[in-house]
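Chain lettering (A, B, C, D and E) follows the sequence in which the chains are written, and residue indices restart at 1 in each chain.
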Amino acid sequence: SGGGDGGDGNSSNGGTSGSTDDVPTAQFVLNPAEADVAIEEQYQPMFEYLESEVEVEIEASRAESYTATLQAIRNDQGEIADISPSAVIAGEDILDIVGIRIAYGAAQYFSTITTTPDSGIESLSDLEGELIYMGDILSVSGTLVPLTVLQDAGLDIGNAPDGDAGNFEAEYSDHTTAREQMVQRDDVMAATTGAFSSAPYVPQEQFEEMSQDFVDISAEYDGAGDEIESSGTQLDLLAVSDPIPRAPLVTRSNWDNSVKGEIEEAILNVEGDDLSHGDDYDGEPLWFTGVQEGTIDDYEMIRTVLDELGLEFEDLS
Amino acid sequence: MSYGDSVRDRYEEIVLARRVRALVFLAGFAALAGLFYYALISVGFFAANIPNYLPNFLNALRDFFPFFTPAFPFIEPAGFLDYWAFIDERNLIWGGFGGETPLFGEAGITLAMGFAGTVMGFPLALLFGVLGSGRVTPFPFNFIFRGLMSSIRAIPALVWGLIYIPLGGIGPVTATLAIATDTVGNLGRLFTDELEEIEDGPIEAMETTGANKPQLITFGMLSQVTTPFIAWTLYIFEINVRIAVSLGIIGGGGLGNVLSVQQGLFAFTNMMATILVILVLIISVEIVSQRIRSALREGDEAQGIVALLMGFPQRMAEAALK
Amino acid sequence: MSYGDSVRDRYEEIVLARRVRALVFLAGFAALAGLFYYALISVGFFAANIPNYLPNFLNALRDFFPFFTPAFPFIEPAGFLDYWAFIDERNLIWGGFGGETPLFGEAGITLAMGFAGTVMGFPLALLFGVLGSGRVTPFPFNFIFRGLMSSIRAIPALVWGLIYIPLGGIGPVTATLAIATDTVGNLGRLFTDELEEIEDGPIEAMETTGANKPQLITFGMLSQVTTPFIAWTLYIFEINVRIAVSLGIIGGGGLGNVLSVQQGLFAFTNMMATILVILVLIISVEIVSQRIRSALREGDEAQGIVALLMGFPQRMAEAALK
Amino acid sequence: MSSITVEGLTKRFGETVALDDVSFEVPEGEFVIVLGVSGSGKSTLLRCMNGLETPTEGEIRIGDTPVDEPRPDIAMIFQQHNIIEQMNAYSNALTGSLNRNTFLDSLFQRQSEEDKLQALDALDTVGLLDEAQQNAQQMSGGQQQRVGIARALVQDPTILLADEPVASLDPGSSQQVMGYLRTAAADRGLTAVISLHQVNLARKFGERFIGLRDGKKVFDGYRDEFDMGVIDEIYGDIDTEGMFAPDGEADDGPDPSSESGDDASSKRGVSSGGMGQ
Amino acid sequence: MSSITVEGLTKRFGETVALDDVSFEVPEGEFVIVLGVSGSGKSTLLRCMNGLETPTEGEIRIGDTPVDEPRPDIAMIFQQHNIIEQMNAYSNALTGSLNRNTFLDSLFQRQSEEDKLQALDALDTVGLLDEAQQNAQQMSGGQQQRVGIARALVQDPTILLADEPVASLDPGSSQQVMGYLRTAAADRGLTAVISLHQVNLARKFGERFIGLRDGKKVFDGYRDEFDMGVIDEIYGDIDTEGMFAPDGEADDGPDPSSESGDDASSKRGVSSGGMGQ
C-alpha cells in the first residue's frame, strides 16, 4: 500500500486534525539521499512502532536534500529527522542527536574509490589529470571523505568540491550513477562511492588487502563481490576510507513537547524486529537495524574532513 | 525579348546587392557557427565523445521500453502490462473514492499543484501585467512592474520552492506557492505583451466619449484582451502542470516524486510507466486547454457552446422570472 | 424622454438576459472556486497552516537579503559587497582569458548550454513544426508530428537529462542534449501554431501562379513567417537559459550548480549572490532578445540596423566588384 | 451654442505640414462635408476639432470655448469604426454614456434605466435594434459603422464629427450609413462635419462642402457652387496623371548611352510621343 | 486561343446560391468589367474562372480546354493584393515565374536572367522600377496592388482576372491602378475580366460590362448600352432603401399595445407616413 507517501501524511492531517486534538503530532522528515530507496515505505514499520510505544501521531514527509530538511527543522516544520553526518555539523545548534543508526551491528561505514580492471589505473596517483565521477556534491561518503583520501594520496584537490579540482576533473551525481557511468564510459577513470554501492562488485580479497578496519567493522564485507558474477562487472579497489560514523536520527532541540523524551527513548530501544516489514512486503527493507546512543563528539571526524576541504556551513541558529 | 536601359541598370544593381547580401549573410552565419562551436567547447561537448556511447545509450533505452524486443515483431505486449501493473498499484491515475490520495491519484496531486498555483498567481499576474503596460502606467514607472516580473521569472521555480520551505514546509504546498510565484512573472509578462499589441483606435474612441482613466483602461483596453488573457492563462496552466512535475522531482510530491523515487531505485520500467502517465496527463491538459482556446478564438464556436450552455437555463429562467 | 415600445421590449429582454447571464457566470465561478478548494485540499494547503509560519518565513528571507536591516534606513550597502565578493571570487560573471571556465565564467557555461541546446534543437523543431501544420501535411498525418512534439514536451527537461546520462555522461553535455530535445517540442509547437495563423490570401495567390507544392510551402507560407519564427526562436532561447539554470541545480554545471552547492552549505547570502547573477544573465538575454524581436517586428528599425550593417561593406564591395 | 469656429489652424508633424492656415465657421445645425485626396489633411482637421491633436497654430472654438481636449459633447465616428468588437452592439452603444457614470456603475452595467433605454433608442435610430445583443465581431462592416454612430448619439453630443465613415463599405452600405448620419443629425439638430473621399456620396448628402488640398482650404461653399471645376481644384487632374505615370517615370531613367539602347529607346519613343507631360 | 466561355455556371455554398446559371463569352483581348453589390457573386465568378472554386454546375472554357485547376496562363489580382509583405517588390514580382522554375532554383533566386529581367520590366510597366528593392510592407496600398499586377504580368498570362483590385484604395490610386491594368492588357493583348464596385471607375475604364445581382447575370453589354437604367437594375434603388431603413424596420416591431405606447406610436406614425415601402 502507498500509506507512507509524503502527500498522504499531509492530507490525512488535513482530514483528522479536528478530531485528534489530544494526540500530539510529530513531523518525521525523511531523506533518501544516502541510499536509493523508496524511503517512506521502508520507514513504515518504524512509524508504526513509535505510534504504538508513544501517544503520538507521526507524519512523514520526504525532503530531497538535507538543506530542505534543516530548513524545515529550523523553521519548526519538522520534529524528527533522518539526516546525514555532515548535516549534523551544519545543524548542531538546532538539533539534538538521538542516536546513531546501526546496520549489521556497525555504527560506522566506509567510502571507497574504485576503478575498472581495464582502465590501467594502478594507484591513486595515476588519477592525476583524469576524470573522476563522484557522488552528490556534498555527500560525505560519495564525495567529501574520498576527496580527503585523494588529498592524502598527494593529489591537488584545488577548491573541490566547491569549485574546480586541482590536477584531476570531478563530476558529481550520486553513488549508483557514478559507479555505473564509470563502467560505461571509457573516459571516466574512477568513481568515489559509499562502500554500500561498490562493495558487491569488488572481490573480497581486495578489501582484505586494503583495510583491516573494513573487514572488522563493515556490514558490506560479507556481501563483497556477490554481484560480480551475475552482473559481469568487476571493480578494482583503489582506496578505502577510515570508518565514518553512520547517519544519526535527530530531533529539533527547541521542540517543547512532553513526548519528545519518550520518542527519543523509544527510538533508542528499537529492535531489528520492530523495523522489519511483514512477509508480503517485496520492497527493499530499511537499511538500519537499530539505533545506538551518540553525541556530537562522535562526528568529530566529519568536522575534520570539512575543515580539510575548507567547507564551512553557515550559522543556522 | 529585350529590355530598356533602366531595367538593365536596375538588374545589375540587384545582382550586385544580392552578392553583397549573400556575403553579409555568410558572415553572419559564420559568426553564429563560431559562437555555436565556442558554446560546444564550453560545455565540453567534444570531450564527451558522443558517437562512441550511442550503442550504450540505445541499449539503456531498452530499460525504459521493455516492450521492444530485438527480434520480430519487435513489440512484446507483455511489456505494457508491466507498465500498467505499476500504474495501478501506485494509484498513479485513479486514487479511488475517499482514499488518502485525491480522486485522480498521484496525477491528481500534480494537476492540483498546477491548477491551484495558476489560480493563486492569477490576480497578481493581472495586476502587475496591467500596471506594466506603458499605456496604463506612464513610462519610467511601468518598468518597476516589468522589472519585478522579470526578476520573478529569472529565479527558477525550483529555487522559489527552496525559498518557500520555511512557509509551506516540505511537500506540495511549497511547490504550489512556487508555481504561483512563477505564474506572476510569466503570465504577467504575457499580459503586458498582449496589452502592447492592442489597437489604438478603440482606446482613442473611448477617449472621445469623455471616459475617465479607469473606464478607459477597462473598456478601451481590457475589453479588447479578455479572450487572449484567458487563452494565455490556459497556456500558463499547461506549463504549470509541467513545472509541477519538475518540482515533484525535487520533493514536491505527485508524479514527479514517484518518478524520482523510481529513478533512485533504477526501476526504469516503472519510471517509464510514470512518464507515460505524465504524458497522458499533460496531453490531456493540453487538449482541453487548446479546445477552449480555439473555441474562444473563433467566436462562432464559443457562441455555439455558450448558447448550448445557456440555452436551457435561459428558457427555464425566462419561464420562472416572467 | 420616452421611448418606443420596441425599445422598451428590447430593454426588458436585455435585463432578463443579463440576469440569466449573471446566474450562469456565478455558477461557473462557483464551480471554479470549488475546484480550487478541492485542489488546495489535495495539496494539503490548509494542513500547512501558512499564517502560523509567516513570521518564520519573513525571518528566513533575511538570510537571502543581508542588506536589509530592521532599522532605518533599512538598507546596508555592505550587504551588496558580500554579494560581489562571492561573485568575483567564484568567477561567476567573468572567467578571464585562457582559464578553464569560459570567458563569461559560470554564467558563460549556463549561457552556452542554453545557446547550444537551442541551435541543436532548431533544425528538428523546424522540420516537425512545419510537418505538423495541417496546411503542409494532410489531416490525420500531421497529428503524428504534433503528437511527437507533445510527447517531447510532456517529459520535463529534468527527465530528459536523466535519460541522456548514458550518452553524454554527467555534466553540461547531457544538460545541453536535454535542452535541445525540449526545444524540438516547444519551438516546434510554436512554429506549428504560427503556421496555422498565417493568411490564406498569399498562399492562394501563389497557387494561381502555378507554383508546385514545395514552392507553395516556401514562398506562400514560410516567407510569411520568417520573422515570427526568428522571434519565437529567440523566445525559446530565453526559456532555455532558464532551463539551463534548473538543470544545473541537478548536476548540469554552470550557475545552477553553484546555486545547489551554496544551498547545501546553507550559504544563503552566496546563494542570493548567485541568484542575482542569474537574474542579470537572464534579464540581459531577455533584453537583447526583445530588442531584436521588436526590431524585427517594426521593419523600419530592422531596415535601419541592416542598412547600418550593410552600408559599409556594400559600398566597399561595389567599389571592388565594379 | 454649438457653432464651430476654426481660425488660422496650422498643424505640422515634423517637416510635414498637414494643415496650413485653415479657417472657416460652421453655424449650428449645418451638415458639412470635407473633401480631399489622401494625405490632404482631412483626418488631421477632424482630430484637431475633437481635441485629439493639438494645433500647432490657430484655434478651434465651439461657441465661445476653445477645444483643447476630447469633450463628451463632441462625438466622433471613425473610419475603422473603433467599436469594441468583443462586446455586443448594445454594450458598445452604452459606452457612449461613460462620461455620465462612475467607473463601478459602468463596470457592472448599473447605469440608469434612462441611459440604457437611450442606448437602445440610438440603436433603433440606426436600424440595429434587433441586432442589439449580437456580437460586434459578427456584424458586417456597415453594421459595425452604424454601431459606432449609435455610440456617438448616446453621448448626447451637440457636434458630430466623422472621419471617412464609409471608406471601407460597399456602395449600398455607404449610402445607408450616410443616410443614418444625415437623419440623426437632422432629427437632433446636430452640427455635423464629415470627411469623405467619394464625390458622388458627397454630392448626394452634403449641404456645405469644404475642400482640402495639401493641407490648404481650396474650396468652401454650398451645393450650388459645388461643380466640376471645384472637383478639379480639389482632386487635381488625376486622370492623366494616373494613366500615363509608368511612361512618365521611364523618362527620368539613367543615361541613354547604355548597351541595349536601340530597342528600349524605340519603345520609349512611342510612349513619350503619346503624352505631352 | 484565349477567349473565355462561361456556360450555365451555378455555384452553391450549402444553402446560398452564389451564382445562378450565368453564361457569357469573352472574345480574346476584351476588357470586361463585372459589377454588382456586395454578395452578388463577383468574387465567386472570378474564383471559378480561375479554378480556385469548382462550379456546382456548368463549365468554363479557355479556348477549348475547360478550367479545373489554377493554371499559369490565367493570372489573378486580388483585392487584398495578396503579395508577400515580407519580401521586396522585385522578389514578389519574381514569384510570378515560379511555374517556369524548379524549387531549388526559385529558392536561391537562380532563375534565368530572362526571368529576372522580365520581373523588372513588369515593375517598370506599373511604374515601380525605382522601388524594386523596397520592402512590400513599407509600400502604400496602391503600390502594393501594382506589385500584384507586376507579379501577374510575370506569369506571362493570356488572361488577366482581377477581383476588386481598387476596393481599398483612394480615388487617385484607384485611377492609377486601373490605368496600369488597362495599359498592360492593351499592350500585351490580354483578355481581362475585372470586378469593381465603383460605377464611375467602371464607366471610365470599361469596354464591356457584366452586371450581377443575387448571383444572376442582369446585364451584359458594351459602353453605349451602359446607362442609368442599367445601374438601377444592378444596384437596385439603394437610395431610398438606405435612407429610410431604420423606420422601415421599426414597422415590424412587436405589438403596439405595450405600456409606453403613446409617444412612441406618434413618432412612428410620422416616419411611416414619410415613406411608402
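Basically, a residue touches a chain if its C-beta (ideal position, glycine included) is under 8 Å from a C-beta of that chain, and two chains touch if they have at least 3 such contacts.
Protein names from UniProt, one per chain: B, C = Phosphonate transport system permease protein; D, E = Phosphonate transport system ATP-binding protein.
The model shown is predicted, which means the values in this text are computed figures rather than measured ones.
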{"item": "If a chain touches subunit A and subunit E alike, it appears here", "value": "B, C"}
{"item": "Duplicate of the B-E contact set - from C-D, C-E or B-D, the pair where over half of the pairs recur", "value": "C-D"}
{"item": "Same vs different contact residues, subunit D with subunit E, by half of numbers used", "value": "same"}
{"item": "Distance from subunit E to subunit D - Cα centre to Cα centre, in angstrom", "value": "26"}
{"item": "Subunit A and subunit B, separation of their C-alpha mean positions in angstrom", "value": "37"}
{"item": "Mean-CA-position distance for subunit D and subunit B (Å)", "value": "45"}
{"item": "Two or more partner chains touched - positions in subunit B", "value": "3-4, 6-8, 17, 47, 53, 56, 102, 109, 162, 166, 169, 171-173, 249-250, 253"}
{"item": "Touching two or more other chains - residue numbers and ranges from subunit D", "value": "124, 129, 250"}
{"item": "Multi-partner residues of subunit A (at least 2 other chains)", "value": "7, 10-11, 65, 67, 71, 74-75, 77, 184-185, 187"}
{"item": "Each pair of chains that touches, named by its two labels", "value": "A-B, A-C, B-C, B-D, B-E, C-D, C-E, D-E"}
{"item": "Residue ranges of subunit B in contact with subunit D within the complex", "value": "2-9, 199, 201-202, 204-212, 214-215, 218-220, 223-224, 226-227, 299-300, 303"}
{"item": "Subunit A residues within the subunit B interface of the complex", "value": "2-3, 5-8, 10-12, 27, 29, 32, 36-39, 61-65, 67-69, 71-72, 74-75, 77-78, 174, 176, 184-187, 284"}
{"item": "Subunit A residues within the subunit C interface of the complex", "value": "7, 10-11, 13-14, 17, 65-67, 70-71, 74-77, 90, 133, 137-138, 161-164, 171-173, 177-178, 181, 184-185, 187-188, 311-314, 316"}
{"item": "Contact set on subunit B toward subunit C in their complex", "value": "16-17, 19-21, 23-24, 32, 35-36, 38-45, 47-48, 50, 53-54, 56-57, 59-61, 64, 102, 108-109, 111-113, 115-116, 119, 150-151, 153-159, 162-164, 166-169, 171-173, 175-176, 242, 245-246, 249-250, 253, 256, 259, 263, 275, 278-279, 281-283, 286, 309-310, 313-314, 317-318, 321-322"}
{"item": "Contact set on subunit B toward subunit E in their complex", "value": "1, 3-4, 6-8, 10-11, 13-14, 17-18"}
